Structure formats: structure tokens, C-alpha cells
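Think of it as A, B, C and D in the order they're written, each chain with its own count starting at 1.
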Amino acid sequence: MSDMTEIDTTDIRLVPESAVGQEVAQTKSRRWPGLSVLGGLVLVLALLPLGISGSYYMHVLILTFFYVVIASSWRVVSISGQFNIAIGAFMGIGAYAAAIPSVWLHWSPWVTIPLGAVAATIVGALLAYPFARLRTIYYAMGTLFLGYVVINLITAGGKTTGMSTGLGGVEPLFSDRTYYYYLAFGLMLVSLACMYRLEFSRIGVRMKAIAQSHQVAASVGIGERRNRILAVAFGSFFAGLMGAVYCHYQGVASPNSYGLGATLWIIMYVLVGGINSFWGPAVGVGMLLVIPEFFFRDLKGNLPYVTAAILLIIAFTMPEGIVGLLKAITDRVSRRFRRGEVSGDAP
Amino acid sequence: MEIAVQTVINVVLLGVVYILMGIGFAFILNLLGIFNLAHGAIFMSAAYGCYLLVVKLGLPGFAAFPVTVLAAAAFGILVERFLFRPMKADFNRTMMVCIALSTVLVTTFNRFLGTRALAIPPFLAGTTGLGPYRVQTDRILAFCIGIVLLVGIILFVDRSRWGAQMQAVTQNREGAALQGIRFSRVAMLAVSVGFGLAAIGGVFMGTLYNLTPFIGDVTLIKVLMLVILAGLGSFNGIFYVGGLLGLLYGALPVVLPGAVVDALASILVLALLLIRPRGFFGHE
Amino acid sequence: MKKTAWVSVLMVLMILLAVVPALAGCGKAEETTTTSAPTQTTAGPTPTTAAPSSTETTTAQMETLQIGVILSLTDWFSVVDAAEKMDIEYVAQMINEDGGIKVQGKSYKVELVIEDGKSSLDGNTAAANKLVLDKKLKFVVGPGAFFNLATTPIFEQNKVLHVANYNGLNPAEMNKDTRYAFLGLDPITQQSAALKALKLYYPNVKNVALASEDATFPAFEPHFRALVERTGLTLAGEPILYATQAEDYNPIAAKIKALNPDAVWMPIGIDPTYFGIVKGLRTLGYQGPITFPVDAPSVVGALGDSATGIVGILSKQVEDPYIAAPMKRLLLMGDPKRHVFGLAPNALYLLKHAIEAADSLDPTVVRDKWETLTSLPTLYGDGFPSGNQLYGLPNHAWAHPIPVCLINDGKVEYKPWILPDVTP
Amino acid sequence: MLLETKGLTKRFGGLVAVKDFDIQVAEGEIVGLIGPNGAGKSTVFNLITGVFPVTSGRVLFDGRDITGKQPEQVARLGIGRTFQLNPLFHEFTVLENVTSSFELHPHSSLFDIFFNTRKYRRNEAFIAERAHEILHVVGLERVADELAKNLPHGHQKMLGVARALATRPRLLLLDEPLSGMNPSEIDTSLEAIRSMRDHGITILIVEHNMQILRLCDRVVVISFGQKICEGSPAEVRANEEVISAYFGADYVC
């Protein structure tokens, strides 16, 4: 039987090229409406606990903040051309690095949370080193197995990790949920600010350059391996941090929150929102996590049908995700506007 | 000694199932460039489908088996036409579609049949003696059918017109198009064959073990391991690596306890992948 | 010509495809119709729709008491919990038919608020949060198995009385500080019945091989060892542990057989694993008795005639001459052939009687009263506290008589129910 | 000698792509490396810039051994290059292609970039200014905001050169700069290359188009991985072996 192989699978592009570089060219004049919307949203979210204090929606919003950061951190890794299917595992490393000392040594959460973040960063950076040899689909699959290995190690960890049942009795940070709300909200703002800064500075340009052509990047002195490791370390720092806070918030750490299934859903958040835009992950989390929890929770066992329907609708109608579609619409509108009144707005 | 004999049988059988699943997955991957993350769900659905035909409709197992496989293949045609083709082989979009498909199938079977562990009644009940040892007759049957199918697939790919067209498309899509091969047809064929093979694997596992809506998840990971380790685009590799995985998962549980098996086997696979990033039989 | 043939083949296959799910629906029909029964007659799971109609017809003067229920309706644990959901709805119906929960001369109709725990600790946390924060419930029939790890802290913090179906013996699930935590079934007593039955019906058994799912086993191990000793048996070799998600159970069966035990005892796991191992053992020619918590009809369904020499300690069937009256009534409420795990329903039944005994709807009062009770009716007959020392709490964990059956050649033989030993 | 290779050999499996190849490039020279298709010219480039590991032999740059260095380290030492294929960041605009190539001079540390220090802002302002200058030099200023992938072929080639210039190279390796160009474009390109040399950049050109001979000070001819001849353009043009190599394989003129 002959091999039917000549297919060059390196051509399967993981991070679609279109619009990788578009945001850099965003002109300042277009920023103001966006900024005011963003400011309003932040203000509403900051004041919201006054209205919904103690309700279930607060819990959902706290989870949302966590997942916005985690999904965004996945996207940060992806802009360097790395389709990392181990983000859940990094979150899990952060969670267990915080949970194990908390449960067995009774360390304070204020120590274990940074520990979790640092552990995830270090492990992420160390693991990124051998993985920097792999590209495109091989990288994706390699990290898929990396995630599988991490989960299997946790599951085989005996009493220390609680195996597949998980580890209970992780010490809570606060007794009042409102504090968690503000902690998660604050961490989200800081994390997003960091990621925004990273993406729209020269570091982000380097990463996007590598994603497009690592050879060309090397020829102008942009080291591929170094920048890819940096991207993974940066992403896993936030994933680990959020994993650690998350497990202190939940009081438990369990492997199936960090396994392949969980990771794939994190990726789905990003794809639904739009992998090419900074706000895509946030929108995706809103679409796949907040909307089902707020409006469809009573469906219980039928809830997965709703999420599947959302995925299909997005896949069929919005190849660039929701933000991609919005951007296309606003572009068209503004072009028409400009055509209507010649040079109407030029500050 | 008895353990050794049983282990060999288990290893071979698991290997055959993995190889069948892996080849199906590879067909879809090589021709359409799609990572079919719904492969495990198809595997599970086929097992349930066969169960329904046998238990609820009272079909004899030998009739239900081909019907299930054909139904899965037909489903594959529909999926290719209405789900995969509109995605234009975009990795991200096909991933979303596959996960949606898988979610729908798992949820459906969980809703309607998930409340108890089911099993497809054995095609041939009882055990057969192999020398001094007893082996489940179904296992021998599954093994024989599996081998016949594998030979069939090899002949199909190597000798048949359809197989030749698939090879041509895999190697050079434009060239094949110039020769008058219609890509859409070949793609449909690949997906239906892929789903059919997954269904065969599902029915095997369904007769030998039990059905739950989640059996596909475990198998999907094994299939991904298999295809990647073999090297994308390699068919020969799948046979060897399938055997290796069968060995790992058939033999390791005999010597090691529970979760350690998965941990060890997956570390091994990861190490191999890092040593040979393009798999063992893939092309550089 | 050729094209039409192609199309017609496709059509036929498509019709087949449509038929299969339809058949699935038909096969399910008996079950679905019966499940919908309680929703119509009582204020079962869907409060919004069912509640008004039933209040009008049956008990216009009755107030409702909402009781939360956490079960995993999606993902892997739904194999167990989806069936539990059906039965807990029947028990709610049963309670309402009997005039609801009577507190201080008033009757309260039970209304269940069921939340999906999604088979994960996170999902259970979310469900518990929803029940406690949003619905402000004071009584919850908690999740089963180790999922209590996630929910216990939330309930304790909000002073919600929660009755777990059963648990994983993790101290985080129930300890001397979790005073609102109750346990519908002390899981060790169930296994005590298994060993007792084994000894009773297979007197030649001297040593047993223990095979268990690995994650929760470490917590149970000392208790199981003590149990074996107390029953007068010995363990054959070391316990054999396996992962919950194994694909092929034959290697595990081969390992068990290599120990050459008189009997095999599988205390922890879920049905698919049990059946996989039993199948493997029988294939390998192992002839000794096997005991595990099993429902007789499903084991016969899954294993067919090869279901031989099995001691089941979960089966509740109408044909069982020894069946307790409440359980029989529960069975007759739906398809009597269905698989009844009967853990969550029992927890609800216990809760009802505890509330009535305390004559109050304040969880703290109920708790204080419950701690003084030494007997409560259960679905299985009279229940009694067990494991006071183990959990460090008085009368928080409960036990009850355990049904026993023997299965040979696919035929079920019912035996008198066994009163298990009290766990210290 | 600015660049020197000694006994450079590269084997791909059983195939010898380059064998015992020696070349010297002096400061300020334009050297052509010509040969028919598949002669191993681009492989030589890839060996010099560290894209492929060398099987045996050494590469010296400015007297330092740079054999086995990573491509980005080589770039850092002052060797710029263009590519025959995928020469660009397709999804960046023309301007971004150039600004993103200003990695080495001036260099901003991670700390500077992340915390947006004054040094970083000054560097970026400088880069923006220089980038426009370079685009002006190569004549791409008008299309600065176009996406690179939308440019016509000749412009893409020039953009590749602009990108290489942004690294401020001492030695510039040009990989088939003339391929796919029409005669008038060739003339402007040759002019541009000559002006680069006048700015003090040493140039090594790989080309199979014989037109390049007009430009070069010295030419090295390679065929089947081996050097067959070296000398001034006139000498090479008269060389029997060269003619047979070209006529025998793939005659392009």
C-alpha cells in the first residue's frame, strides 16, 4: 500500500492571516466611540454589585471575569502563531500549585495565589522550550497531548491531588462574594490592560511577525524561539493566576475543569468572539457563558443544544467571529458615511 | 501464562479498533484537511444505533451491523455536504462545527438512553477454546472481521478506482482536478468511509464492552494520538502506531494500577512526539 | 441513470437515519410518559408550569416548600443521576399525595428545584450557588458521590440544611464542623451488607478480591479492610485499582483472576465499569461469585445469560417479596422495570420525616432535632444512624436495610433484605 | 574579507546540495553568485544565514566564525537578506513591514517596550521617521498603507529589500532580486542595488538571470553544488564551462 502523503500539512493555517495586522493601523479618531462604550461598561460592572449583591448572577459574572482573562490569554499565545491546546492545563497547574499548599500545609491564599501564577509561568516557559520546535498543526497536537499528560499526572497524583475526584477544602480568600467580585473584576482589568499593552506594542508586532513568517522574522533579527516562549509564559501566567484564584473561589480543584474538554470550550469562546480581535474573547465568553447561564439555565440537560446552536450559527455566518462581523459592519457604515460627506470628520 | 495469552488477544483487538478508527480519521484529515473532533461521537452514536436496531427493533446482530455502518456512512455524506463543505477547510470553523456536532450527538444519546449502562447483545454468545484458554467468541469474531476490513481497506485504497482518485487528490488537488476528478465527490467518499470505519469500531467496542454516551471521548484522544504519532498523511504509519497503542493500552493496565497507566502512556506518546515532531512515518 | 441510483440509495439511507432516532424515542416512550406524569399531577420539577394547575385541583390551601436538588444531568455522572431525577420526582409526588410535609398543623406541598451539577465540581458549585443565592432555599437534597466536596462549604456558609445522597468519605464533605450536612446513606454500611450476603449465600468463600475505582478508594480503604475482617473474611492480595475512564476492562479482569480469589467484591464504581469487569471475568472463565451494588434487571440486560453468580445489593424490584412498602409504592409510580438507584429519593424521604419530627421549617431547628433522633423511616424501612464516630457528628449519617438478590443464568432470585452493621 | 566560506558542504540525506564551496566577498564589493536552476545557490545563502545547519565547512564573517549560529543571531551581526519566495509579512501594511524590521537598531528591551518608557517612545519615533525614508528610497512611499499581499510582484521584491535595509546590514544577501521582473523594472532595480553599494553596503547576489553580470564586480558560478568558475563578468562570460552549464541545463538570458 503506497503512502498517499505528499499533502503539505504545514499549510493548514491555524491563525487565519487576514486582519492579523489590522488593529495596529487603527487611527486615533476612531478610538473615541469605542473608548466611551468601554468606559461605560466598566462603570456599570463596577457599580453592579450594589444591585445584584449576593445573587446567583454575581457568581456568573465572577466566572465570566475569570474566563475572559483565560480566553484572552489563550489568544495572546495564538497571535504568535501558536495554537496552544494546553491552556486548561496551565490553568490547572496554577490551581493545583495553589490548592495543594493551601489544603495540606494551610498556607495563606495570599501566598498560594502568586505561587500558582509563578508555577504556571515557570512550567509554561520550560515546556515551551521543547515545543518551540513544533509548528502549526504539530504544535497544536503536541500541546493537546501536553494538556492530556498534565491532567493524567494530576489524576495519578494519589492523595496529594485527590486524583479524579479533585481536591476539596481549599481555603477561601473572603467570606463575602462581593469582595470576590471586585477582586476578579480588578484582576480582569489589570490583565486585559497588560495584554492590550503587549499586543499593541513592539512585542506584539514581533509575535505577529513570527506568526506570518518565522524565516523572514529571523532575517531581521526577531528570534522565533525566544518570542514564542515569551508568549507562552505570558499567557500561562494569566491562566495560572486565574486558575489559582478560581480554585480559592470555588474551594475545590478538580481535574476535569482543566482537561481537554474545558480547553476546547475556552478556545470556542475565542473563536465565537473572533480570534483576530482583542475583544473577541470577552465577547465570546459573553455569548457562550453568560447568555446560556442567564437565559437558558432552566433548560438543564438540554442546555448543550443551545451552545451547539450558537457554535453552528457563528461558524456558518461569521467566519471571523462576532467582533469580526461587527468590524466589517462598522467599516462599511463608516465608509458610506465618509462617501456621503467628503472629509466630514478629520480631527 | 493465562494472563499473557489474554493480554495478547486484548492488545491485538484494541490495536485493530484503533487502526480502523485511525484510518477513518486520516481519510478525512488527508483529503479535507479537517480534524474531525466529532469522530468519537460518531463512534459512540454507531454503538447506540446498533444497540437500538438489535434490542428495540429485534434485528439479528449480523443484519444490524452492516445497517449501522451504512447509516453512519450516509450520515457522513450529509455531514460533508452540509457541515464540512461550507466551512471551506478553515481550521477554526471546522473545529466549531465538529464540537457542535459532537455536543449534539452526545447530549441526544445522553437524554434518551443515558440513564443506564447498555450493551449490544453478543453476536455469538459464549466462549471458544484456544488450546487450554477460553476466549469470548465475539472477540474472535471482531478480530476476524477487523482483519478482513483492514485488508479490504488496503485493497480499496490501492486497487479501486475510488482509491486511486483519493490518492490523486491527496497528492495534488489541482492536478487531480485537471484530470477530471471531482474533489467534492472524493471528499464525500472520504467522510463517509471515515464515518463508516468509526461506526465499525463503535459496534465492536459496543458488543465487547458497555455503552455510555461518553465512550467516544476516550477513544477520540487515542485516535488523535495515533494519527499524530503516525505522522499526518501517512497510512502505513497508522498500522504500526495503532499496534503500539494497542500494546500500551492493552498491556500496561495488567502491570500498573489505574490512573498511572494513562499518565505513563501519554507521557510516552508526548516524548515520542517531541523527538519526532512529524511523527514516525510522516514526511519531512 | 447512474445518478438516480445514487440519489435513491442516499434517500434510503437518510430514511434509515431518521428512523433510528425515532425508534430511540419510541423505546424511551414508556419512560418518558411516566416521567411526565409527576410533572402534571404534582408541582414537580417545573414550578412555573405545573404549580398553579395542581394547587387549583388538589390542595388549594396548601403552601409550597421548595426543596433544592442537585443532580448531574449532563456528562459522565448522568448515567447515575438522570435516573435519580426521575425517582426523586416520584417521591415528591408521593409526599404530596400523602398531604405534603406537615409542620405546626400546616401542610406544605413539596416543590423540587432541580439543578444540573454537570458531573464536575465546578458545575456543582454553580448549582449550589444558584439554589442558595438565587432561590434562597433552606433545604437541599445534595449531590451524590464526591461532588459534596464542592457544595458543602457553600451550604454550611449559608446555613442550608443539606442531605447528601451518599458521599466519598472525604473530610471536606462531612466533618465535625459541617453541622448542616446530613447523609442519606452511609456508604460503608451498604458494603457491609454485600459482604454479609456473600458469606451467607456462599459459605465456602474465605477470601475476596477487592477491585475498585481508584480516586475515592483511598478514603474508603481502612474501612473496607476493617469490614472484611469483621465479616470474618480475608482479602486475596492487594486491592486492584483502575481508572474510571478505562476503555478495556479485560486487563483488570485478568489481574483479578490472577489473584485466584474465592469471590470478587467491587464496592465503588459506576455500572459500565462493573459490567465490563464482570464480562471480562466470565470470559476468562472465572466461576466464583461476584458482588457489587447492582440493579438486577440492568445487569441481566447488559450481561444476558452470562450473568451468573452475582450478588446484587442495590436491586429494588416489585417482584421482590421482601420489598419495603414505600419502595414498592415508588416503583409502582412509574415503569416498574426501570433502574432505581434510590439514593437521592431516599435522602428526600429522610428529610421530610426529619422536618416533620422537628416540626419547624428553620434548618437550624431541624438540625438540632435531627441530631437527637435515633430512628427515621426510609424508603427501605426503618433507618438508623451510622458512623457517628467516623464523621464526628451525632446521627448525621444514616443507614437502612439493604436489598439483596442473587443472579444466576440471567434469572434473579430475591433474598431477604440485610440489616447492615453500624459503622463505628 | 568581509565574508568567507571554507569547504562549505551540505547534504540532504544522500543528496549533496553544496560541496566544498569557497567564496570570498570583500568589503564594498558586489559579488554575483550565478548558476542554473537547482545549482545550490539558495542553499548557500541558507547556510550562510544559519537557516540550515552546515554539514561541514566554516562560514566566517568579518573574521569571526559564524557557523551554526541561529538566523536571528546572524542578522544581529549585520547580515541582511531577502528571500526568493514569501519575502514579506503579508498581513502587515507596507509601512508595518518596514517598522517591524527595525529590531536591531535601535533596540528596545522588553522592559522598555512593556512599560512604554521614554527611550522606547523615542526609538519608535525614530523608527517611524527612518521607515518613511527607506520607503522613499525604494519608491514605495505612495503605497505605505497598502497591505503587503496586495502589492504587485515587483513592489513586493523592493519591499523585501527595504525590509532588509531596515536592519542596517553591512552585508546584504539578495536572493534572485530580478526574477519575474520586466526589463524596465530590472533597470531600476540594478540602479537601486548600485546605490546601496554606494552607501557602503557590501552585496552578494544570487541570480540565474545573466543580466546581473552588468552589475557585479566579480562573479562566482556554481553548478550542481560546486564552484566551476570565478572571475570578472567578462571572464565568466567567455568561460566554456559556464556556457555549457547554462545551455545544458536551463538557458536564461
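Brief remarks follow.
As a working rule, a residue touches a chain if its C-beta (ideal position, glycine included) is under 8 Å from a C-beta of that chain, and two chains touch if they have at least 3 such contacts.
All figures in this text were calculated on a predicted structure; none of them were measured in a lab.
With steps allowed only between chains in touch, the distance from chain A over to chain C comes to 1.
Farthest from chain C, judged by the mean position of CA atoms in each chain, is D. Remark: chain A and chain B have CA centroids separated by 32 Å (rounded to whole angstrom).
Inter-chain spacing, taken between the CA centroids of chain A and chain D, is 39 Å.
The distance from the centre of chain C to the centre of chain D, with each centre set as the mean of the Cα atoms, comes to 73 Å. Between the Cα centres of chain B and chain D there is a gap of 49 Å.
Among all residues of chain A, those that touch two or more other chains are 155, 163-164, 301, 304.
Within chain D, contacts with two or more other chains are made by no residue at all.
Under the contact definition stated at the top, the residues of chain B that touch 2 or more other chains are 107, 110, 217, 258-259, 262.
Taken together, the touching pairs give a contact graph of some other shape, not a line, ring, star or complete one. Every pair of chains meeting the contact definition is listed here: A-B, A-C, A-D, B-C.
Interface residues of chain B facing chain C in the complex, by the touch rule stated above, are 2-3, 6-7, 10, 14, 48-49, 52-53, 55-57, 67, 70-71, 73-75, 77-78, 107-110, 112-119, 121-122, 125, 127, 134-136, 139, 205, 208-215, 217-219, 222, 249-254, 257-259, 261-262. Interface residues of chain A facing chain B in the complex, by the touch rule stated above, are 1-7, 9, 12-14, 16, 83, 130-131, 133-134, 137-138, 141-142, 144-146, 148-149, 152-153, 155-156, 163-164, 260-261, 264, 267-268, 271-272, 275, 301-302, 304-305, 307-309, 311-312, 314-316, 319. Residues of chain D touching chain A in their complex: 49, 51, 70-72, 75-76, 80-83, 86-93, 96, 99-101, 103-104, 108, 110, 113-114, 116, 120, 124, 145, 147, 163-164, 166-167. Of all the residues in chain A, the ones that touch chain D in their complex are 17-22, 24-25, 197-198, 201-203, 205-206, 208-209, 212-213, 215-225, 230. Interface of chain B with chain A (complex): residues 30, 33, 35, 37, 86-87, 89-93, 95-97, 99-101, 103-104, 106-107, 110-111, 154, 157-158, 166-167, 170-172, 217, 221, 224-225, 228, 232-236, 258-260, 262-263, 266-267, 269-270, 273-274, 277-278, 281-283.
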